[in-house]
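Order as written gives the chain letters A, B, C and D; numbering starts at 1 within each chain.
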Amino acid sequence: MANKLKLAIYWAAACGGCDVAILDTDEKILNIAEAADIVLWPIAMDFKYEDLYKMEPGSIDVCLYNGAVRTSEQEELARALRDRSNVMVAFGACASWGGIPGLANLVTREEIFNTVYKETVTTINEDDIRPATNYQGSHGELHLPKIYDRVWSLDQVVDVDYYVPGCPPTPETIWTAVEAIVTGNLPPKGSVIGGTKSLCDTCEREKTEKKITQFKRPFEIIADPKKCLLEQGLVCCGPVTRDGCGHRCTNNNMPCRGCYGPSEKVNDQGARLLNAIASIMDVKDEKSAAELAATWEDPAGTAYRFGLPKSLIFDYKKGGK
Amino acid sequence: MIYQYYPGCSLHASARDYDESVQGVVKSLAMELKEVPDWNCCGATITPSLNQLQSQILPARNLALAAENRGDVVVPCNACYMSLKKIQYNMAKYKVVREKVTEIFGQAGLRLTGMPKVRHLLEVILEDVGLEKIKQMVKKPLKDLKVVNYSGCQLVRPLGFDNPEDPQALDNLMSALGAEVLPFSQKTHCCGGSLITTQPDLAFQMVDSILEESRAVGADMVVVTCPMCQLNLDAYQDQVNRKFNRTLQVPITYFTQLMGLALGLNKNQLGLQRGIISPFKALEKIG
Amino acid sequence: MSGQKIGVYVCHCGSNINGVVNCSKVAEEAAQLDGVVVSKDYKYMCSDPGQEMIKADIKEKGLDRVVVAACSPRMHEPTFRKALEGGGLNGYLLEMANIREHVSWVTKDKEEATKKALALVKGAVNRVKYHQPIEEKEVPVNDATLVIGAGIAGIQAALQVAEAGHKVYLIEKKQYIGGNMAKFDKTFPTLDCAACILTPKMVDVGQNPNIELYTSSEVIKVDGYVGNFTVTVKEKPRYINHEKCTGCGDCATACIMKNRIPHEFDEGLSKRGAAYIPFPQAVPLKAVIDDQNCLLLTRKKCTLACVKACGRKAINFNQHETIHEFNVGSIILATGFDLFDAKRAPQYGYGRYPNVINGLQFERMTNASGPTSGHILLEDGTEPKSVAIIHCVGSRDENYNKYCSRVCCMSSVKFAHMVKDHTDAEVYEFYIDMRTFGKGYEEFYNRVQEEGVHFIRGKGAEVAQKNGRLVVKAEDTLLGQYREIPVDLVILNTALEPRVDAEKVAQTLGISRSADGFFLESHIKLDPVTTTTDGIYLAGCCQSPKDIPDSVAQGSAAASQSLAIIATGKVKISPISASVDENQCAGCRICVGLCPYRAIKLNEETLRAEINQAVCKGCGTCAAACPSGAIKVSHFDNDQLLAQIEGVLA
Amino acid sequence: MYKDFTDEIMSYPGGEKIMACMQCGTCTGSCPTSHAMQYTPRRLISLIRANQRETVLKSLDIWKCASCYTCTARCPRGIKFTDIMYILKTLAWKDQLMEENKDITAFYSAFQDLIAKRGRMNESELVLKYSLKTNPAKLLEFGPLGMKMVLKGRAAIIPPSIRNQKQVQKILELAKERGGE
C-alpha cells in the first residue's frame, strides 16, 4: 500500500490496559498493521523522543493517546504529538475524561505525597525525601518530570478530534474507530465513538418505579439477573453512561461502572448520577436521608470513577479558559 | 458485653451499698464492667458554680481516659451522668469549649481521641439487656412489694434518656421485677441534694415532700437511681422528721438492690444492711 | 448567540436599591456587555414611565431581549412581561435580576453591593440570550367544586358556592357535620349559643340541592389540575340505611354496649354504645355504628339487639365501602385542627387528676345538651369552689408548638365568664400575655375582669395535688412572687395543632405545609387563601389557628376564589413545563415516582416517559433527576442556567 | 470587653438565649426553691437585661439553685436557666461580689480544694474541713449521722487519691489561669 496510514500510539497517566486492548483485537491487529505504519508506540517498539521531535507537522495521520495528563512529560508529549498529527484521538477513559487517575483531584498533591512518602506503614523515610525535578548525580544533573497539582483530561491540554471511550475500549469499539479512520469515513469532529444513548436504554433487565431502600455492594448480594440492578440497591451507572460497550458488566450481573463516559445529553456524569440516586432514595426526612446515604460506600468514587477532571467544577483548559 | 465503669466518688464511700449491688447485678446479667483507669471527680454541682472552665475540664479528662478503651461509659450516679453528658454536649455545640479543652489537654499531656457514649446504668440495663430477658431471669418476684420510683433530676434532665416530667424506665423495670408501682407525682422533683449542707432548711422541705407523698400513697420504700438522692432521703430522714414533726421511716433502696433480690442474689451481698433506715422489715413481704 | 439586541434596565426602587447599590454605575457597566445595545437606570422601573421606556426602546431600537434589574420576579415579572408584550416582544424574552431582596436588602457594604448587583446583571444578560418565546396556554374549567371538611369554614364555603348556583361535593370524615364548633356552648365575644348560629347553616347544607354531602368519607386520590381535577372519595360503610333511618335512637337504647364506650363528641365525659346518635342536632341525624366497638363487627358475636329494636329495618351489616369519583374545577380544603393532647405535658396532670380537663371538655360540660346538662361539675358531682384556667398549654412553647394558637386567650376569658355565670367559684386565670385583638374582644375581656376573675400574669408551670386538693404552681410575675393556688378544677387551654393526618392530605393533594405543620398559603399577607397548587384553596384552621369569625371569612374567601375561576370559564396555566426528548429517554422510570403532580407516565409501548403538559407545573424535579438528561424544562434549560452561572462568575 | 451584663452572660455557653425570655415565669413556677428567693429566676433575667450586675451577683438567691434543671426542661423559649445560674455563681465567686455567707464559701471551697488535692471527693474529709472552716461545733451536729455512716460501713476512712494527681492539678490550674471562661 502506497499511502499507508502513519499511526502513533502513546501511553500517559494510565494503567497500560489501553495498549493491551489494542493487542486484544486478535487477528484484526494484522489488518491494522497492514493498513498502518506505526511511527511511535513506546510499549511495543523502540523509539526515542528525538525521533518524534524531528518529524514535521502533519507527518502523523492519527495519534491514539491513552491516559490522562498528570506530569510535565505527558503534557509535553501531548503537545508534540498534537502538533504533528492530523487526527488526535483521546483513546480510553483516562484520555477522554481523566479516568481513574483523575480521582486524585479529590485530594492535593501534598496529601498524596504525604501518604506515599511518609504515612504508609511500610514506608521508612526518615529524611523525608520527596520527588524532585532536579537531581545532581555523580554523572551530572538529572531531570525528572514534574507532577502536577491536578489531573487533566487530554482535551483540557490539547485540541482533540475524536474520543474512543472505555476502560479499556472494547475490541469492537477499537475496530469501529480504526475502520472509520482507515476508510476515511469519519464522523463530525468531537464525536465519541460509541452509542448515543444511555446503557440503560438497551439494558433488558426488568424495570419498575425506582426506590432505593438500602445501598448494597456487589459482593453483598447475588443480584436477580432479570431485574434492574439499581432497584436492587446496587449503584449502577447505566442510566448516565454511554451505550456501546456491549453490556459486558451488566450481562455478568455486575453494575455498570460508567467507563464509556456520559451519554450524549449528560453534561456531568457524576452529578447526574448523584442527582438521580438522591431522587430515588426512599426516605422521609433529612435524618433518614443521612442514614441511608451513609450506607453508600464511596459515592464520589462511584459517581466520578472515570470523569472527575471533566466534571463541571474541574472542566477548564490547562493554562486558562 | 464490655462496658467502662465510671462509679463516681460516692460509690467508693457513702454509696458502697450501691456499688456492691451493681457488681452483683451486672455479673448476673453477664455484663462486664471495667473501671475507667484513674478517673477523677466530675465536679458535680460544685465546680460549675465556681469556675466554668474547670467544670468542663474535669469531666473531659474522664472522657479522654475512657476514650483510650473500648466500650460505652456506664455511670450509676445521676450527677456524674449529667456532668459527663453535659461536657459532651457542650463540646459538640460550642467551638470555644472544644478549643479550650484541647488546648489545656495539650499542655497537660492529654488527648481526646474519641467520644465514648455515656449512659446511665439503668439505661444500659433496659436497652442492652431488655425487659423481656430480665422478666425471664427473675427468680424471686418482688410480689406484694409496693414501691414508688424516684428518678430524681439529673437522670432525666436536661440531657437524660427518659421523659423529663414522667419517666417510665424505672417503673417498667420495677413492674418487670414483680413489684407494685404506685403512682408518684414526686418522681422527678428535686431532693435538694446539692443544698443539704449549706442550706439545710431549703433542702429538708424538699426531702419532706418526697417522703411524705411516698407515705401518703402507701409505699413500702422509695427506689432510687442515684447515690446523692439516696443519701439525702435516707441519712437525713431523722433530721427531717424532727424538723417537721413526723415519724417517717421510709427505706430508700437502690434499684440494683431490688433487682439483685429478684434475680435471687444473696441479701448480704447487696449492701442492704447499710441503709440508715433499714429496709429489712419492708422486705419481709417478699420473704 | 451573536447579533442579539439586549436592553438592560436597572431600577432604583426609590432608595430601596439605589440607597445601597450604585445603580447608574451598574447600568454604565452593563452597557459594555456583549449584545447589550441599551442600558439605563431609572427611579421606578415598574411605574408607567418606566414601562413606557422599555416599550419605546423595543420599538425604536429593535430590542429582541430585555433584562430588568429590580426586585423579586415574584413581585413584578408579570408587569414587565406585559411591558415586553406591549412593545411587541414575547414576554418570556425577559430576564430579571433581583438586586433588591438578593442585594440591597441583605448587603451593607455599598461597593460590595454594587459589585454583586453587576454580577447578577451579567448573569441575566448571559442567560437571556438563550431565551425562547413561549406561548401561554388556556384550559376550560369544570364548574363543580369539592370542599373537604364540613366544619364551620367548609360549610360556609360550600353554602356560598352552592347558593351561587354551582355544584358542590362536600366531604366529611366524621359521621356528622359541624366540626369542632358543633361541640361548643357559647361563642365569644357576644356569647351567642354556638348551636343557635351553626345549626341553621348545617340544615341548609342538608337541604341545598346543589350540595352533595358525603359523611364518613375521605378523599383518597386527586388527579388533574386547576379547572379539571378528578377526585376519588372513599365512603366507609355506616351499616345504617340512611333512607330508612329516622334518627329515633331506638338502636342506641338497645345496644348491649350501651354506656360502655367513651363518647368522642362529649370528649370522653359521657359514655355511649356501639350504636348511637352522635348528638341531638346532628346533620345528618342518623344512627351511627362504631365498627371499632360493635361486637358483631369485631367479634362476629352479638345478640343483635339493635336490629331487633329498629322498627324501620334500617340496620344492614352487609354494607361495604363505596368509591366515588368526581370531576371538579377547584378544591377547597377545610380540614380543621386537632387539639394538643395535654398528656404530652405531664406536669399539668391531665389524665392523672380527673379534675384537670381541657377546653373542649369544658365546652361540653357547659353545653346544655352535654354530659352534665350544662352544669360545671367535679368528678364527685359537686360544684367547684375555685377554678384555674391555664393558657398556652402546648402553644408558644419550643417544647411543643412555637406558635400562638390565637384563640385561647379569648376562649379562656369566655371560660372564666362561664364559670362565674354557672357557679359561685373563684376563678384564677394564668396567662403570659393577654391577646384580645378582635372586634369587641377587648370589651369582653374588660367585662369579665369586672366580673371579679383573678387574672394572674404568669404561665401555670405545674399542677400538683396537695392534701387532696389540686394546686397550681406559678409565678405571679407582676408581684415577682412564687405562688401556689389551691383549686378544685383546672381547665387547660391547649394548643390548636395541625390534623394528625395533615402530611398525608398534603401529599394526596400535592400541596405544602409550613414549618408549623399547617397547610402553606401562597403568600402569608397577600394570598392567604390559595395554595401553591393552582385551584386548591384553604379555609379555616387547616391553614393556621383561627377563631370563628376568621374561619368564616376565609371560608367565604375560598368560595369566591372558586367562583372566580368558574365565572371566567377558563384558566391560564403556566407555560413553563418539562418535556421529554424521546431519543434520549431510556425508560428507566426514575422520574415517574418523583413528580409531585403525577404528570409523568411511562408509555408502555414505546417505553418512554411522557409528561402531561397540562398537569406539569415546571418544578424541575424530574429534569434534575433524569440521569440521561432527556428531560428539559422550558425556560430553565441547561444552556440557560450554565450561561447565567458563567455570567455571574465572569 | 462586654457591652453590658447581658452581653457578658451571652458570651458563656448556655447563656446565649437570654434575650428570648418572654417573662412568663415558667422557671419560677417550676423552681423548688423560688419560694425562698427575693429575686425569682424570671426576675434575675430581667435584672440581667437591665444591666444590674451588682444586684444580681450580690444576691444569695443564685446560690439557692438546686441544679434540678426543671426550669431548663420547661422553658418555652429554650433558655437554659440552670446554666445561667451556674454562670452567675461563677461570676459572683470570681469577682467576690456575693454577700457574705460562711456556709457557702466554706463548703464550696472545701470541695474544690479536695479535688485539687486528691482528684476525688471524700465526704468525711469534706464535712470535716467544712466544719472546721465554719464552726467546729457543727461537728457535733454531723456527729451522730457520721457515726451511723461509719457503723454502716459507708464512710471511707482512708481518703481516696488518684495516680496522676499532678495532671488534675495542672488542668485545674490552667483553667484558672484562663479566668475560667
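Going forward, a residue touches a chain if its C-beta (ideal position, glycine included) is under 8 Å from a C-beta of that chain, and two chains touch if they have at least 3 such contacts.
Just so you know, these numbers come straight off a predicted model, no measurement behind them.
Visitor: Given the touch definition stated above, what is the smallest step count connecting subunit C to subunit D?
Guide: Counted as steps through touching chains, the separation is 1.
Visitor: Which chains touch each other through the most C-beta pairs?
Guide: Chains joined by the most C-beta contact pairs: B-D.
Visitor: Could you find the chain whose CA centre sits the greatest distance from that of subunit D?
Guide: Most distant chain from subunit D: A.
Visitor: For subunit B and subunit D, what's the span in angstrom between their mean Cα positions?
Guide: Those two chain centres are 21 Å apart.
Visitor: Provide the C-alpha centroid distance between subunit A and subunit B, rounded to the nearest whole angstrom.
Guide: 61
Visitor: Just give me the whole-number Å value for how far the CA centre of subunit A lies from that of subunit D.
Guide: So the centre of subunit A lies 65 Å away from the centre of subunit D.
Visitor: Based only on mean CA positions, could you tell me how far subunit B sits from subunit C in angstrom?
Guide: Subunit B and subunit C have C-alpha centres separated by 47 Å.
Visitor: Multi-chain contacts in subunit C: which residues touch at least two other chains?
Guide: Expected reply: 347.
Visitor: Can you pull out the residues of subunit B that are in contact with at least two other chains?
Guide: Expected reply: 165.
Visitor: What positions in subunit D touch 2 or more of the other chains?
Guide: Expected reply: 73.
Visitor: Chain pairs that touch, all of them, please.
Guide: Chains touch in the following pairs: A-C, B-C, B-D, C-D.
Visitor: Sort out for me which residues of subunit B touch subunit D in the complex.
Guide: Touch list, subunit B to subunit D: 9-10, 12-17, 38-41, 43-58, 61, 82, 90, 93-94, 96-97, 100, 104-105, 107-110, 153-154, 157-158, 164-165, 188-190, 192-195, 197-199, 202-203, 206, 235-236, 238-239, 273-276.
Visitor: Looking at the complex, which residues from subunit C come into contact with subunit D?
Guide: 347, 392, 396-399, 432-433, 457-462, 473-477, 480-482
Visitor: Applying the document's contact rule, which stretches of subunit B touch subunit C when the two form their complex?
Guide: Those in contact with subunit C are residues 163, 165-166, 183, 185.
Visitor: Give every residue of subunit A touching subunit C within the complex, in rising order.
Guide: Residues of subunit A touching subunit C: 196-201, 203, 207-211, 228, 230, 238-240, 263-267, 272-273, 275-276, 278-280.
Visitor: If you look only at subunit C, which of its residues touch subunit B in the complex?
Guide: Contact set of subunit C toward subunit B: 345-347, 349, 352, 464-465.
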